[in-house]
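We just call them A, B and C in the order they show up, numbering each chain from 1.
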Amino acid sequence: MKDTPLSNCERDFLLNAIGEKRRLDGRQTYDYRNIKISFGTDYGCCFVDLGKTKVMAQVSCELITPKENRPNDGIMFFNIELSPMASPAFETGRQSELLVKLNRQLERCLRNSKCIDVESLCVVSGEKVWQIRVDVHLLNHDGNLMDAASIAAIAALSHCRRPDVGILGEDVTVYSPEERDPIPLSIYHMPISVSFAFFQQGTYLLVDPCDREERVMDGLLMIAMNKHREICSIQSSGGIMLLKDQVLRCSKIASVKVSEITELINKALENDKKVRKAGGRCGFAQSMPQERITALKADVSPVEMAGIKENANEIVQRAEAPSQSVPSPVLPAPGTGQVGEGLQTSWGLEEKEEEEEEEEEEEEDVQHVVEEQGRGDVVLISDSDSEEEEVVILNQEALPTKGTLSKQQRAADSKQQRAADSKQQRAADSKQQRAADSKQQRAADSKQQRAADSKQQRAADSKQQRAADSKQQRAADSKPQQKNKKQ
Amino acid sequence: MLNSFKDKIGDVLLPGDVFSVQMPESITDSKPEKIVCGPGLRRNGDEVLVCKSGVLRHKPPNLYWIDSQQRRYIPVKGESVIGIVTAKSGDIFKVDIGASEQASLSYLAFEGATKRNRPNVQVGDLVYSQLIIANKDMEPELACIDSCGRANGMGVFGAGGLLFKVSLGLVRRLLAPQSEITVDLGKLFPFEMVVGLNGRVWVKARTAQQTLIVANMLESCENMTAQQRQVLFRRVADGSI
Amino acid sequence: MEVCGSSSPTLREFGCEQNLLSRPDGSSSFIQGDTSVLAAVYGPAEVKVSKEIYDRATMEVVIQPKVGVPSVRERAREQCVRETCEAALLSKLHPRSSFTLVLQVVHDDGSLLSCFLNAACMALMDGGLPMGCLFAGVTCAINGEGQIITDPTAVQEKGSRALMTFAIDSTERRVMMSSTKGSFTVHELQKCIAISQKASEKIFQFYRDSVRRRYSKTL
């Protein structure tokens, strides 16, 4: 998508207004927009609102092998995401010029300034070090992405806790937060980037330019500095000539802004710590403004359960009966089989039967049986004997074992017959009888009885009984089958 | 159906809400009433389907529509919009009107323009024009003259002034006859204002300061009740802001 | 056939903010307990020629994970959301244009897919895109004891043997999309659908309340 083009009238108005020392949102030349810093539910997640610009930073840690030339240093990795959420002009997965510029500047601001003690991230020299990954997501682009990103990244790093590790001989154990409290990163200082936009070949200067101001500016100067007034990086882009005085003046302004912002970050961190200590809730959900007309919240609400069971039962019962005839298997190519071609799925009923049979047996058991059943439906045609045997097991009727029939045909035949037979029978028998008998009875019996009984007892009772029942039945069933097989 | 519809006038409706057009049996003898569905309403067989969230509005005798606060403009024939010229190609200008496609504007569609006498329009200029072709299957087309060949207020903007974007809902409120917001603003100080139905507003006051005040006040009017707005305007008039 | 436990399932507290981003045409944040998602939508906007469809709008969904680059899991979820949106949107009204939906994970504490769906629906509504119906996402988990838990947290999801997410439509409460994991019986499935349909009513009511609140000053 393309961005809305900037009209000449906006450009002229902006430049004129800047000449008159006025800005679109009524700020003064050196004013920042409102900065709001909030933290997420988990450690190392930070949201920064700079006016309408919004970014989110997330820090994550991972154990990796270090670089060969620096076996004792942990690794810092920065990744800025320009998602189309922030601006229609951004695309995912494209290395745009802006992205490279922002990423590079963030790296220079936070990695090359050595604000984080990378040696403390070493676990086993040359083998295991922590990699600290910082993902910065731009959510809404209204200018000055760099400053917002740098504030979010450093605040997230200061908020981050990495898991504790223990070394016993050769073994490295990473403790979960429940076992041992995670430990914060050691941060020497907090570099913060401050952006200055220059207009009319450097005649006018604005701090914290918004989107439209950025579009008409001639050049941009980004100074990263910490509160000790140490410059961590400085970058000028746009190709304007700046005088020495201008750079010096900018660095003075930057030092004031940086100390203000550092104060703000520290206050936000402290607040968050207090809330966490008090066991209060924190995170994005809590930072949602309640008073806004566009926001609404609903409390925990129970879902009404009345009628749900009946409903579900009804649907299951209304489910279509499986078709009585099974079409002959389709063979796209020799040696391949196909499932369910032109056949309505009959799984619904079969599974239901299974459920009734095995009801509260262990899950595995049910699954197993279902699988078997399912296989009955699947037309398996293969040359291996084992497959056929498996097919035979399910068949209760006498097997047409004529040697003249080819294996495939036989399989197909038996399958049809068996499927038709067993299904009919089963459908007729078990459904009518069992459904009528056991369900009513059970429903009547067990519900009254069981409801009165405790759950555990019920489970135990029914399991024993039914397990015994079904085992007997199954044993009885399977015996003739085995005989069959031997024949 | 009309009764149920009428009950809902001024109510907030959501997409998927359905009204049946089926007449009750008792009044089949009376002539079936016609209704006209405006934006956000669609006929779906015997039903009227709401497809946008917003407030149901009604204009006598039988016009109904949904008033929403969306931002994206969808071209409608006959509406006046503010466009930004993005390219000149051959004998047409390409104009961005904030829709899904750029609109085309013939250089002959200006007052007094002939093949020899081309209008002076540069890339980046603003034009106030009317949509003469707008439907989902065709590229929208603009014209800066009415059917009599008169400019009638349309054409290229002069120098100065500020363009900004507000929601389409606010634009419609501004353009409503005797709109309170416009009247209240007009009491503060004199200024020129052009409102395009595509959500773009152009304002020019005597000074840049006043232009900015108007722009910021309009942007903040989006979510304000009439009372809150009047309080704000009074404070501005007193000079406290 | 007692599958449902004694405790009745609940939805965690949920909240929503609309129109919170200035650049997109529509935006929303949806919060379910600690799970939260940010959604932004553009449309109808211009479309790349390669993706142009002559008789309807192209729907694109992008899911941004919180850490790292999108993987197969995100792609699968994108598809779930996209198909739901395509079913709800009247894309025939804007041929040769694009609807783009961007979803950003803010925090994952279970039921993420349903949160995606709810955030998407609010954003589409906020953007004023034409829709035939609304949709709500509900996630159900079946734990080891066979209890159904609606709107599970990440811990509950981990301890579950089956996890299902349904998109329910607002007009007839039908299932528009389902995504399941783990094993369950047909009966359990039907029960989960029935519960989701009940739960979706709460969400639809919430949609209505929040839109009503938003328009309360222009009534």
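Note that contacts are C-beta pairs under 8 Å (C-beta built on N, C-alpha and C of every residue); 3 or more make two chains touch, one makes a residue touch a chain.
By chain, UniProt protein names: A = Exosome complex component RRP45; B = Exosome complex component RRP40; C = Exosome complex component RRP46.
What you see is a predicted model, and the numbers here were worked out from it, not measured in a lab.
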In terms of mean CA position, the chain most removed from subunit B is A
Taking mean C-alpha coords per chain and comparing to the overall C-alpha mean, nearest is chain C
Check: interface with higher C-beta contact count, A-B vs B-C, is B-C
Rounded to the nearest Å, the gap between Cα centres of subunit A and subunit C is 14
Between the Cα centroids of subunit A and subunit B the separation in whole angstrom comes to 41
Averaging C-alpha coordinates per chain, one finds the centres of subunit B and subunit C separated by a number of Å equal to 32
Touching at least 2 other chains, the residues of subunit A are 293-294
Residues of subunit C that touch at least two other chains are 19, 42, 45-46, 98, 214, 217
Going by residue number, subunit B touches two or more other chains at 223
Subunit C contacts subunit A in the complex at 1-2, 4, 6, 8-24, 27, 29, 31, 33-34, 36, 38, 40, 42, 45-46, 62, 64, 66-70, 98, 100, 102, 104, 106-107, 109, 150, 161, 183, 185-187, 190-191, 193-195, 198-199, 202, 206, 209-210, 213-214, 216-217
Residue set of subunit A touching subunit C in the complex reads 1-2, 40-42, 45, 52, 54, 56, 58, 60, 79, 81, 83-88, 92-93, 133, 135, 137, 139-142, 283-285, 288-289, 292-305, 308-309, 311-313, 315-316, 319, 347-348, 351-352, 354-355, 359, 363, 366-367, 450, 455, 458
In the complex, the residues of subunit B that touch subunit A are 84, 86, 96, 98, 122, 124-126, 157, 159-163, 165, 202, 208-209, 211-212, 215-216, 223
The subunit B residues in contact with subunit C across the complex are 10, 12, 14-16, 18, 42, 49, 51-55, 67-72, 74, 99-102, 136-137, 168-169, 173, 223-225
Listed in rising order, subunit C residues that touch subunit B in their complex are 19, 25-26, 42-47, 88, 90, 93-98, 125-134, 169-171, 207-208, 211-212, 214-215, 217-219
